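Same chain, two partners: chain A is paired with chain B first, then with chain C.
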Partner chain A sequence: MFEEFFKANRESANLARKWKKKTGRKIIGVMPEYFPSEVITALGAYPVHFRGTQMPLSRSDTYMQSFSCTTTRTILEQALNGEMDYVDAFVFTTMCDNQQNLAEVFKNLFPDKPVIIFLIPFISSVTLRQEHLKEQIDRSISELERVTGNKFTKDGLKKALMLHERLNTLINNLYDIRRRNPGALSAYEFYSIVKAGSFLPPEEYTGMLGPVVKTLGSMDVKDVADRVIISGITPEPLELTKAFDEIGLHIVDDDLTSGTRRFSKGALKGTDAKSLDNFVFGGSPCSTLFDPSKDRRSYLLDKARSNRAGVIMWQIKFCEPEAFERPDITSYLKENNIPVTSFEVELQMASFEGIKTRLQAFKELMEVQI
Partner chain B sequence: MTKFRVAETMKEIMAAYYLEAKNAAYNNTPVAWITSGGPVEFLYAMGVIPVYPENYAPMCSITRMSKDLMEVSEAAGYSQDICSYARTDIGADMTQGGPILGLPKPDMLIVGTNICHTVVKWFDVHARKYNVPLFIIDMPYLHDDMTKDAINYVVKQFEAFKGFLSGVLKKPFNEDKFMETLFLAAQVSDLWEKVLAMGKKKPSPINSFDTFIHLAPIVTLRGTQKAVDYYTRFYDELVELSNQGFGSVPDEKIRLLWDNLPIWYKIKYLSEFFAKHSAALVVSTYTNSWAAMQGDIDTDHALEELARAYLSPYINRGFKYRTDYLVKLVEEFSLDGLVFHSDRSCKPYSIGQYIVKEEVTKRTGRPGLIIEADMNDPRVFSDAQFETRAEAFLESFDR
Partner chain C sequence: MKYFAGIDVGSLTAKAVVVDENNRILGYHVMPIGQDSFAAGMSAYQQVLNKAGLKREDVLSIVSTGYSRKRFTEATMQKTEISCHAKGVSVIFPGVTTLIDVGGQDSKAMKLGKNGKVLDFAMNDKCAAGTGRFVEVMAHALNLSLDGLSDAALSFKNELSLSSTCTVFGESEVVSLLSQGHTVADIAWAIIKSIADRIVALAKRVGIGQDVAMSGGMAKNRALVARLEDRIGFDILVPDEPQIIGALGAALIAKEEK
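Let's turn to the complex of A and B:
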């Protein structure tokens, strides 16, 4: 049932090339996170998201120091390996310093591909935040119009919003099914499905998701023990999710930028200031956004309690947004008797023995505590 | 490092500043912790004492206390991979250790994003701990040219900042004092630029290690008469020295640029090392960042000018600007080469240096040296490794 999704992840570049050829649509490479890809669809192009992936690093070392996070380094490695040759233009957001400077690296190394910048506001005033987002999207749209050669129309937007709404609902259904019935599919299967959405055209992906969600939704509920929530940016390297499956730690929910934080706010509702603001800031608390109205500690505590789960912080080395929040979150959860642990990965990692040992120990700890 | 007559004065004014800050609570004076790129003029206008964790962290480093303080914050879970200023400061805050036994408690926290996003996360840690208002002024990274939109965006936030201050302090914003502060700040900036421009002289009476040390007043006291007086005297002294033919590096043969933050705990060592090789670091992108706002202020457009200045720092600019700027400095300062401190802590400054370095060399023919280090964490610096690479680099200048 999941083979199509596994394949999409294995052969993402080839698939994108194939789709491009078949549909004649332009492809926009979207860098993580918080650009509304709905507007790309509305312009008749197709968004492909890059969030870093497990791969050895070599060429990128010439351009980026080893203290840049491996999300950005593997993204550059992919580009240098020609795995983004089909991309017509890139959209970057500026949710962290690594990402911001990666945009400049791309401008420099790939001068033929336009780089469109969508600045995420880090700001105290909500009114100005909304105004700024509106300016950003208007500018991005006109740059995308130039790249795609298409006009941004109300009708095009309406259709795109409907499509993405459907996609978002399906993903949220998938998350709900897992919360209710974590035994329904393995962590590797779950995150492979989610990841495949990064590369497939939204229509295609929605078509694939529908039946899977239906089948999974009708499965009998099996109660499982050893329940955990994973928290962080993105579950890469994806192979590592297999360790959870092997050890028997059941991921019931997540707090990932590429997961819940992204889907919990729903799809874009329009390109007005309020809708955009909701699109960027309306989701669950995110380490890469400044939003003092949200508290990630209590959010995670509630989530852990309602799911009877421990919390595992999946940290990517050199990711400052996460690293600055980890100590407070850890001590807060501990004070509230929630088992919590963290591990650190680099995306090029091939062996996970050390992490597995920690996960095993955490499972044992949870069995005593929960 | 050069021994200037004014150095004593700097020690005095900095000591007086810290004393006043430490006693703020007794004097009922509010204290704000602010980032190095934050708009301090608004605070001086409202009688708030600005305190800079980014000035305090290097103090810990120069006094060899940073390692112990970082170990405290690391033990509390702060990763060794985050900015070492933040680790030092958080460690000092946890222990109330470090020079002057920690910083005075903040009444508010002020962040400007024109240096990095790290400061948002860092000050947020303090906001959670102290439960005081945190005000963030978004001064977006300029991937391309300075735009009207970016300036307007910052101007509107400056207006909001006035409202914030008057709300927290429960008094109207003091526009007159603000204008006065702006004039003083522009004067200081002007003087600082003149001080730095003395590096163009051959030999140069001042080098980057000197400017790193003499940066403290312009960061902390920008907008005060004290700073104006100080840099006036400093500039006069430099002119006098230069007229006597004084060079800060005896027998200056090689003229270099320094890119990125200083390596604080190694300043003396590096200064001696380069001097030994007759190499003078005559200009740095880092110290130049505080020379953005100069000259006469047009009172009708003061906030626009201020916004422009705060958007300008080198670290807030895209690579094309950085390259063009370095090429210009090569010319203006008659440089033979460039030294890039690849600073493990500071991603926004460092990522891209490899590219910029290549491009500058291509355009000017001047070679570059990369030093892998960290501005505040002595554990990542290797003398042997540095010396091997730097000696090879300096020997390549066949003089």
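Let's turn to the complex of A and C:
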């Protein structure tokens, strides 16, 4: 049932090339998160998202400092290896310094591929924030019009919003199924399904998701012990999710920028200022967004309590936004008697033995504490 | 009488312990791991059985632990070093609240509750800084045995510091300190201080209580224990055989789980 999704992740570049040929659509490479891919779909193009790979680093070291996060370093490695040759233009957001840096590197290294930058404001005034987002999307749309050669129309937008709404609902259903029945699928299966959406045209992906969600939803509910929530940016390298399955730690929910932070707020509702603001800032607290009205500590505490779960902070090496928040969150959860641990992973890592020991020790700790 | 075994297949050494149902240690064995961690574990196990005068059939269950715990396929069950060291130390020093375990490739700190229950833990990241491997490389650079390094360090005269915590850079720094005319004793002390700093930083992540114990092969390094006591301001309890605490804990867990 999951093979198609595994394959999409394994052969992402070939798949995107195939779909590009088949549909004749332009491909826009999106450096997540927080750019509404709905507008790309509305313009008749197809968005492909890059969140890093497990590829060993060699050429990218010439252009990026070794203290850049391994997400951006492996993305550059992919590009240098010709695995993004099919991309017609890139969209970057300014969610962190590393991504901004990567955008500059891309501009210099790949001058024939337009780089569109979507600036995410760091201001406390909500009104200014909304005005700013509106300006950003209008500019991005006109640049995308140039790249795609298509006009942005109300009708196109309406269709795209409906499609993405359906996709988003299906993913949220999948999350609900897991919350209710964590034994229904393994961590590797779950995150393979979610990740595959990065590389497939949205209508194709939605078509694949429907039957899977239906089958999983009708499975018998089994309660599981050793329940955890993972928190961080993205569960990469995907291979590492297998360690959870192997050890018997059940991920019942997540707090990931590429996961619930992204999907729980719903799809884009329109390109007006308020809808955009909700799209970017309307989700659960995120380390990469400036929003003084939100508190990730209490959010995670509630989530851990309601799921009867421990918290594992999935840290990607040199991801500053997450590294800044981790110590504070960890001590807060500990003070409130929530078992919590963290590990730091480099995406290009081939062996996870140290992390596995940490995860197994955490499982043993939760078992004696409960 | 029923018997239980714990096998700790670490990164550098394999340790085996057999206990009876009254938690009495009937024998233990420590040996270096060569190329084959499974063979080393089996050999340590066989040796300990010989010492205790037991046959394999006499042992009801075996728990393996340590870096290569999964490779020891003879085991009934495997547990991490964290749980095993905690359990092991709790029968030797009941009441310990902080345990520092430093072995060949990793260092760990644990906060303990009753009966060796792990309340929190911290582990070093993948590199060898602050572990036994680091001392071994440095001892080699100074042409000293492990005991020799510890003794030399304790007789230091001048305070010196290593600027690198990394094993590779540390080694060349040691060589250059020698060529600058610093004494072996002063350099040995600088090495000990550098590791101690790493370990204290790790232990602080779980919080250091008043009742501190240390296990793992590095607890045999007297200079290191002395420096750690200085830094944290409390005495550190060290078992007679700190290296076998993980295997002991594994054997005790084997008993409890039966």
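Here is the rule we use: the second predicted complex is superposed on the first by the 370 of 370 C-alpha atoms of A that agree within 3 Å, B and C clash if a C-alpha of one lies under 4 Å from a C-alpha of the other, contacts with A are read in each partner's own complex, and residues count from 1 in each chain.
In this section, a residue touches a chain if its C-beta (ideal position, glycine included) is under 8 Å from a C-beta of that chain, and two chains touch if they have at least 3 such contacts.
These numbers were taken from a predicted model, which means no experiment stands behind them.
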item: Which superposed partner A:Tyr63 touches (first chain B, second chain C, both, neither); value: first
item: More chain A residues in contact [chain B versus chain C]; value: B
item: Which superposed partner A:Val105 touches (first chain B, second chain C, both, neither); value: first
item: Which superposed partner A:Gln360 touches (first chain B, second chain C, both, neither); value: second
item: First, second, both or neither for A:Cys96, with chain B first and chain C second; value: first
item: Which superposed partner A:Asp138 touches (first chain B, second chain C, both, neither); value: neither
item: On chain A, positions contacted by chain B and by chain C; value: 344
item: Touching residues (chain side chain C, partner chain A) in the complex; value: 67, 79-83, 106, 117-121, 123, 125-126
item: Residue numbers on chain A that touch chain B, as the complex places them; value: 62-65, 67-68, 94-98, 100-105, 107-109, 115, 117, 119, 121-125, 128, 131-132, 135, 287, 290, 292, 315, 317-318, 320-321, 323-328, 330-331, 344
item: Residues of chain A defined as touching chain C within the complex; value: 334, 341, 344, 353-354, 357-358, 360-361, 364-365, 368-369
item: Chain B residues touching chain A - in the complex, by the definition given at the top; value: 76-79, 81-83, 86, 113, 116-118, 120-122, 124-125, 127-128, 134-138, 140-141, 143, 149, 153, 156-157, 160, 164, 318-320, 342, 344, 347-348, 350-355, 359, 372
